[in-house]
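In the two assemblies presented below, chain A is common to both, partnered first by chain B and then by chain C.
For the complex of A and B:
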């Protein structure tokens, strides 16, 4: 067994232990924030990291798409596709966790708050990305058109994530890094939040690697079937 | 520069002549807009909305009608080239950016015609009181440009795909939703006579339009030659 193979085998277990500790700390070690109904503030340890990972994945999809247009290597198209799928999945998770918080705090799962509206638009944009992929038969043309659309889609992300929620009045709690540039959290909460951000980033990276490998195998199999 | 403008104008004039022969896009846009306006006017009319809600709801309805009408015809310029198999000849005879500029101007003219007919009709039929008509004009111009530049790029993408008609709306609308939110708020601000709201909207819409223009200029040659 090579040292690289050994690291690859150990890393998922490290991630498993890390996430288990994060979940334990989120519920039992970090204090609940004041000004929120019951223990509802604890959802921040899961909601913020899922939203962070979704944004990171969309950025990854945009970078891989730019690389594809420059290099025309199928691996970059696979990377863009995997990152978009991951971003879509984590955006759905961020929507679900945000919706649970909205039900507890504001009495309704959905209020069309600017942040809820933004995430819905993001979900629609990346769902459209996959609709485009399904509508082009030629693999090279599909990859190029999807790459162009992914770049166009990412251009709207700053408007949806940063501008829409800041221009219009929102029920959403103040973002962690606010306009004063200060973190309004206790030390323990911050530690758990950053640990969760690291854990979710690791989890997403692991899932991304698996998806890229699976897609490569799928395409190789399709290629063999064609031959 | 002058050569670029002359060639783009030639592409625009070619599209305009071709459009006046069949009037497919004009008919689709115009009839869709008028039919939707008639439906909205009949079902809601000028008096069924409470006075306090009028600026916001009438602004939202106006942009919904414009956006959906745009979806009915703005893909024609590129789809027609593929359907009639004239795209390869255009690829050989003109620079990609010339084609993009010509098609963009054609779509902007279509949108301007649509708005020139639809907006006054809407204001009359729905009893939409606009405190600041100049501000509304600025919002319509900025919104029309950003709508045109985004849909031109998406039209170029879907022209190379199957199931083009449905795909154009599926790909365009999600990209245009942030623009629609900005424009609804800006139109409401123009109706209420709030200059701050209009300025805020114009900043967001013009920056989105600017970013879309830059991205389109960079990416259009890829789409066109693919």
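For the complex of A and C:
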């Protein structure tokens, strides 16, 4: 038990150092890519991981929701809620970094490119998840309906994240994690990107654990107040 | 007991149908609604304010001093060409562009663009490695 507590104390510091190194490497160690305006290619080290983490979190929300419908344990509802919140947050970050990238590279913050349209849908779909949660007072009903909605919402994710950008002509370049599995990146940039992907996944996992703990405390307190 | 089991199975069936319906909707409806880019033919025939995507015809661009406009040709996948007149500051990476998007309307035999977006081949190769000189 105590060793587990020790690991939990050390891990955030490992993450802190890791992310610090990633940020340093993204700006100073990786070379600027050719064909890009100035140093703008470096946004990719933050833009891609945020999108990746968002997709991962939405998957987590779907899995937790399926579990909730099976087990009806409040903890699974808490997990689904925390994962959805993280997914939405990181999707917004991906949109912002993407929009800045688009301004620099394409010449417009927003022109309803298929990629931009599809992420707007995604944001609206998961924003509606929280609207739904807010609209139902009874906790068990809220959890069940939110779980059903989260499963449905995730059905659209493969479409909006993977299929849409591959069907339409888009200004967006081929995704780095592409279908052909080819990495069109020089080795140093690839190393930084993978380190960043790992770092962001760790960061999101940490935030997720904190949010789950917080939400448990919030609900426990609410419960006490009711009694 | 068996009643609740039956009810549960019904809900699974309904859920499954809804998911399939969602997928079908996604596959069909999104196809036409999700892209803002229209073909050359549509842009020319409607004359509306639209977005047109195509490849930049290499060497076709020139800056017209008299009218202070950037003039170039773009081609679609069928090789059809469209002449574009752009009134504005030339994007910094225009020379590297392979594909462009123009936003504007077709008038008097030429596409008058008020916005010009460019797509550059993103290789994520270092400047030194690819042997290209650095451009601002």
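Assorted remarks:
Keep this in mind: the second predicted complex is superposed on the first by the 222 of 227 C-alpha atoms of A that agree within 3 Å, B and C clash if a C-alpha of one lies under 4 Å from a C-alpha of the other, contacts with A are read in each partner's own complex, and residues count from 1 in each chain.
Note that in this section contacts are C-beta pairs under 8 Å (C-beta built on N, C-alpha and C of every residue); 3 or more make two chains touch, one makes a residue touch a chain.
Note that this is a predicted model, so its numbers are computed, not measured.
Once chain A is used to superpose the two complexes, chain B occupies space that clashes with chain C. Once the two complexes are laid over each other on the shared chain, residue contacts for A:111 go to chain C alone; chain B is not touched.
Judged by the touch definition given at the top, the superposed model places A:185 against chain C, while chain B stays out of reach. Using the contact criterion defined above for the overlaid structures, shared-chain residue A:149 touches chain B, although it does not reach chain C.
Of the two partner chains placed by superposition, only chain B is touched by A:124; chain C is not.
In the superposition on chain A, A:59 makes contact with neither chain B nor chain C.
Of the two partner chains placed around the shared chain by superposition, neither chain B nor chain C is touched by A:197.
When the shared chain is aligned, chain B and chain C each come close enough to touch A:159. Of the two partner chains placed around the shared chain by superposition, neither chain B nor chain C is touched by A:19. Residues 117-118, 148, 151-152, 155-156, 159, 164, 167-168 of chain A lie at the contact with chain B in one complex and at the contact with chain C in the other. Those residues of chain C whose C-beta lies close enough to touch chain A in the complex are 15, 18-19, 22-23, 26, 30-31, 34-37, 51, 53, 91-93, 96, 99, 101, 103, 115-130, 132, 136. If you check the complex, the residues on chain A that touch chain C are 31-38, 41, 44, 105-108, 111-114, 117-118, 148, 151-152, 155-156, 159, 164, 167-169, 171, 173, 176, 184-186, 188-189. Partner chain A is touched in their complex by these residues of chain B: 150, 153-154, 157-158, 160-163, 167, 170-171, 173-175, 177-178, 181-182, 185, 200, 204, 208, 211-212, 215, 219, 222-223, 226.
Every residue of chain A that touches chain B in the complex is listed here, in rising order: 69, 117-118, 121, 124-125, 127-128, 131-132, 135-137, 140-141, 144-145, 147-149, 151-153, 155-156, 159-160, 163-164, 167-168.
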